[in-house]
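Going by the order they are written in, the chains are A, B, C and D; count residues from 1 in each one.
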Amino acid sequence: MGDPLGTAVVGYGYWGPNLARNVAECPELELRALCDLDPARLEMFAQRHPEARAVGELEQLLADPAIEAIVLATPPQTHHALARRALEAGRHVLVEKPLATCLEQAHELADLAREVERVLMPGHTFVYSPAVNAVRELIQGGVVGDVHFITSSRMNLGKYHSGGVLCDLAPHDLSILLHWLEEPVVEVAASGSSVLREGIPETAFLTLAFAGGSTANVQISWLAPRKVRQMIVVGSQRMVVYDDTASDEPVRIYDRGMDVLPPEPANFGEHQLIYRTGDVVIPRIEPQEPLRLELEDFARAVRTGEEPRSNLALGLEIVAVVEVAQASLREGGTPMGLAPLADRAAA
Amino acid sequence: MGDPLGTAVVGYGYWGPNLARNVAECPELELRALCDLDPARLEMFAQRHPEARAVGELEQLLADPAIEAIVLATPPQTHHALARRALEAGRHVLVEKPLATCLEQAHELADLAREVERVLMPGHTFVYSPAVNAVRELIQGGVVGDVHFITSSRMNLGKYHSGGVLCDLAPHDLSILLHWLEEPVVEVAASGSSVLREGIPETAFLTLAFAGGSTANVQISWLAPRKVRQMIVVGSQRMVVYDDTASDEPVRIYDRGMDVLPPEPANFGEHQLIYRTGDVVIPRIEPQEPLRLELEDFARAVRTGEEPRSNLALGLEIVAVVEVAQASLREGGTPMGLAPLADRAAA
Amino acid sequence: MGDPLGTAVVGYGYWGPNLARNVAECPELELRALCDLDPARLEMFAQRHPEARAVGELEQLLADPAIEAIVLATPPQTHHALARRALEAGRHVLVEKPLATCLEQAHELADLAREVERVLMPGHTFVYSPAVNAVRELIQGGVVGDVHFITSSRMNLGKYHSGGVLCDLAPHDLSILLHWLEEPVVEVAASGSSVLREGIPETAFLTLAFAGGSTANVQISWLAPRKVRQMIVVGSQRMVVYDDTASDEPVRIYDRGMDVLPPEPANFGEHQLIYRTGDVVIPRIEPQEPLRLELEDFARAVRTGEEPRSNLALGLEIVAVVEVAQASLREGGTPMGLAPLADRAAA
Amino acid sequence: MGDPLGTAVVGYGYWGPNLARNVAECPELELRALCDLDPARLEMFAQRHPEARAVGELEQLLADPAIEAIVLATPPQTHHALARRALEAGRHVLVEKPLATCLEQAHELADLAREVERVLMPGHTFVYSPAVNAVRELIQGGVVGDVHFITSSRMNLGKYHSGGVLCDLAPHDLSILLHWLEEPVVEVAASGSSVLREGIPETAFLTLAFAGGSTANVQISWLAPRKVRQMIVVGSQRMVVYDDTASDEPVRIYDRGMDVLPPEPANFGEHQLIYRTGDVVIPRIEPQEPLRLELEDFARAVRTGEEPRSNLALGLEIVAVVEVAQASLREGGTPMGLAPLADRAAA
């Protein structure tokens, strides 16, 4: 390992402090500076990180050659302009999810990163969660069997974003689903409801179809006083429940399959499903901080040129699905197809 | 109370034995006979209920004047013909849910019951569940506040019906939702997927809009090896979680609301939602067998002429919603509106 | 299988109705009669079991040659006299736990049964619990390793017995512990406290030493409004938690051992225990009614002469330990040794 | 508030890093130095706290007038000598629990602190736990009613101390029990078992009697692979379960009492206990780091001269009870009385 990557964080609101702390603790990175518009936040940062500079303008960071990488933790609508400026100034950029608020801007950033040969990485932190990866292995390793469907409930009470809950929470579910299934979404229907301000839903329900035939139903809301983060994967061999709020035992594997019996005549010619009973297994999952792993992966991508796990293709796919979901939502929930990935990339 | 109501059960498959046992134990009813096509089932019944007759033909029951009421526990596609025959023969009829497999037949039965002045009652057992009624009181009594949305997950491994999971499981969710909200459904979107036989989905996702502005998302499946029966009600004042598999503590009230703060300029003009923290309360719910309460309500309806809690209007509404959901499902999930109740009744 | 065993139940209080129902449903037994002093209870029995006689005197049962076996569900202090009379009259006897309220009377009954060559079986129902037996297999099969210690908490709110909580609840814990470990108790200390009536403790704590070196701590109480029935087995290889109130998942196996590292000098010469991390397994346990299995075992013992699982040796050992525990409790908790089993049998 | 208290931490093993981090983050304290014998640990400290000195000798700290307070996180057997030296040098001292390994040395330290007019505070962290204090309010505020008994299970896998599990874990239970009940222990019985080294038990069971009539049973062990930290308080009005491993919902109040009915003749003259059913309440408990609160309380005690919550009287009582428990354990579990507090203080 060479010298640590000189890094600055932009934005010190909700997520920025976590990023700054992890940059400071990660040996592969060195926290050089923070940028925020709000003097009070700069002051808070300065107390916690006296070793780093605190500035009010992005340009002050870009003028400093010791800052090689920018970590963006600003609101989604600012991602495009700030990431673009940082890339143009020759910096590697880690952007908090979502990469951008529309597919066109996301592609523009991706193209620019390719052109200037810098790393542009979206921060889909859940793909670094040990529990999420344990479930991924169960799916990709065949333990679950064919995935019939997945449900997800993600609710909590939180900060209001002008982009609505779809833009804020759906990228989490999508990053996990795409990481698990490794298949593109081919159709999405979304409906939502607004309590506070017309047109900015705080609650949304999504139904997704994947290329391989799996389906998913996603319930997201900002209005639930109790945090809910549960996903259920139902496969032909096993069922897996992943509950992110059950910190000690986040994953449960129901080692019970079913067999399909041929129709009995006495039973009106119907199939019969029967239990193949088995145990429940709660696998041991070594706790690790996903954000720390994400930053290490970013540093590795800069150093080696290898793709990070949370890569641009994933980030673009997520922006594409959210964009179509927003369209479906505006149309009152009508299902809408997504163009094949190849076509989208070309667009 | 007068003499117990002379009652016969038709159908001794999955649910019939529960009905027969409860009829036998309920003082307001007297179990006089059972009818089933299968001699093995008749034999099983005879051993358990030596005091009652076991016959192979409905007509044998209808010829017996001591049998005043018929309880139908046969497959859904037989409900219309059997209930019609029993009503024509002047009997009161309790029909297992759903009332019929299409709205037209359901209305025909309802009209006939009115004409012959007999009770026709659909058996929506969940509206007699003490836990369901505890949640209803929290909603109708204003404790929950405005209902923003409700989610429901109902999964298990079970018997395959030719009507698909929509016809089999959705009536449960609908009976609970309608009983809780007391508002008609105005729009429904449904998508489903089939693993075993094309066109007969074992998994379905529904999104419902209610007249008062609440929405609901329902996940139902026959393919999940672990039983899931969870509903979450999110209101402006409180959140209620009802888990029917948590037998000791089925209802949890999250006595935490939220307040909406005005936008702060530093916060990009966004609203802020904050927690109003409070306790969780698990109300004491007296265990009672819902099926027993349902049969008592049936006997009371026959005796007094009063509407039972699981009444015809509820049964018709459920058949109507399922019918539109089936149509939406065939159309690939396109949301479809329901005619106002009044118009439907007239139809 | 020959004819079913003609059986009468004596006592129709708390437990008697369960016994009567199971006798009636068990093909190996035939419920012929019930005896109780209370006419109201006889009437209740007669309604539920019209096929059987209901009498007020034990002698009426013993005069009936069709009654071959007596099931005693009367208060503990009556066990000795009633069981003795039934054995003298040549009947097989199943006695609810405990066999008797003192060791001398228990031995007298055991000797009498041997003499008249009739089955005398104490009803330690927990040894027929599928979950208890699943844990027994884990211990006896070596999965748990050496059993270091076992804790047990058994609390609920219940009927007040003049014998105190030791006599009422401790036999349950003892039957399970002896069934699991298959080793005699060599020492017991018991302390207790009384709230309602001096000298009759409603709460007691027991510490037990077993011949093989394992120890156990038992907490029993009638004063706890919430039912607690949890036992923890800590072994050198695995830890098992058995929670009888968690009906779906009563047993959890913590597949985590520990290794003992040699002392490090820097560590003040102390051993270090480290985790050998593993999964948690919740084994599938087929639900079966323990009382039904107990009655079948009784019928089998009568028919074949084989020892039932809940046998006299177990019943005598439990009475012996409870007797010494009562003595320790009277002495304020002083630990007291038990004579070796062989000597006790000879006493 | 004046200047922060210049503070040094002694010992950087298991608990020292937590103390150092909290000292650094607490505005009332200023982390000036660390002392440890092990160069590797000093190096680890230096990396994390570059602003503070790292030294190998206590005398180096005591030579620095800017260090006003010493926080001792060394093994128990060193507490007496190091605390004594620091007090003699005029420093305020916070000692990790237990205050000392025998009562005589604990009293000597207490006397010395009084003489030199410096704060000597034992670090019983649990008395700063928000959940522990929530239960204390329920008990002291009368919600629980008369406390009939308390059970405690504290198990995990951990570091081996030459003092045995009694010295290591029992102080936690004792600090909580004494903080809850505010009554001295009048009798204790302890039994233990050793697997690794004769005479140093890894598992112990304690039975405690309190002056006011409450009793407690405590199960502690180092051998349990799964962490258990559960305490149950059974009172005449309510039952409270405190589970320290259930981080979101550590306290549950069973709002169910019981009533004692007079004996019925038909019931063999026995009392009957019946349920007064009620709800379960899970109170909202604001998460706060107990160690941080403990250090703030220490700083406040130094500044104002007021008694800290974890005060010397508590520390001395705990050492006294552990000492008698060790004696009882050596005697095989014989219950032993404790001298009244007043006499002990005079001893």
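Here, a contact is a pair of C-beta atoms (placed from the backbone, for glycine too) under 8 Å apart; a residue touches a chain by one contact, two chains touch by 3 or more.
None of the values given here were measured: they were computed from a predicted structure.
Between subunit C and subunit D, two chains of identical sequence, the interface residue sets overlap for the most part, with shared numbers making up over half of the total.
One of A-C, B-D or C-D repeats the interface of A-B: more than half of the contact pairs, counted by residue number, are shared by C-D. We define each chain's centre as the mean of its Cα atoms; on that basis subunit A and subunit C are separated by 54 Å.
Mean C-alpha positions place subunit A and subunit D at a centre distance of 43 Å. Subunit C and subunit D have CA centres that are 38 Å apart. For subunit B, the set of residues that touch two or more other chains comprises 256. Listing the residues of subunit B that touch subunit A in their complex gives 38, 75, 146, 148-149, 151, 153, 155, 157-162, 189, 191, 193, 195-197, 202-203, 205, 207, 209, 213, 215, 217, 219, 221-226, 228, 232, 234, 236, 238-239, 241, 254, 256-258, 260, 266, 268-275, 332-335. Those residues of subunit B lying in contact with subunit D across their complex are 249, 256, 277-284, 286.
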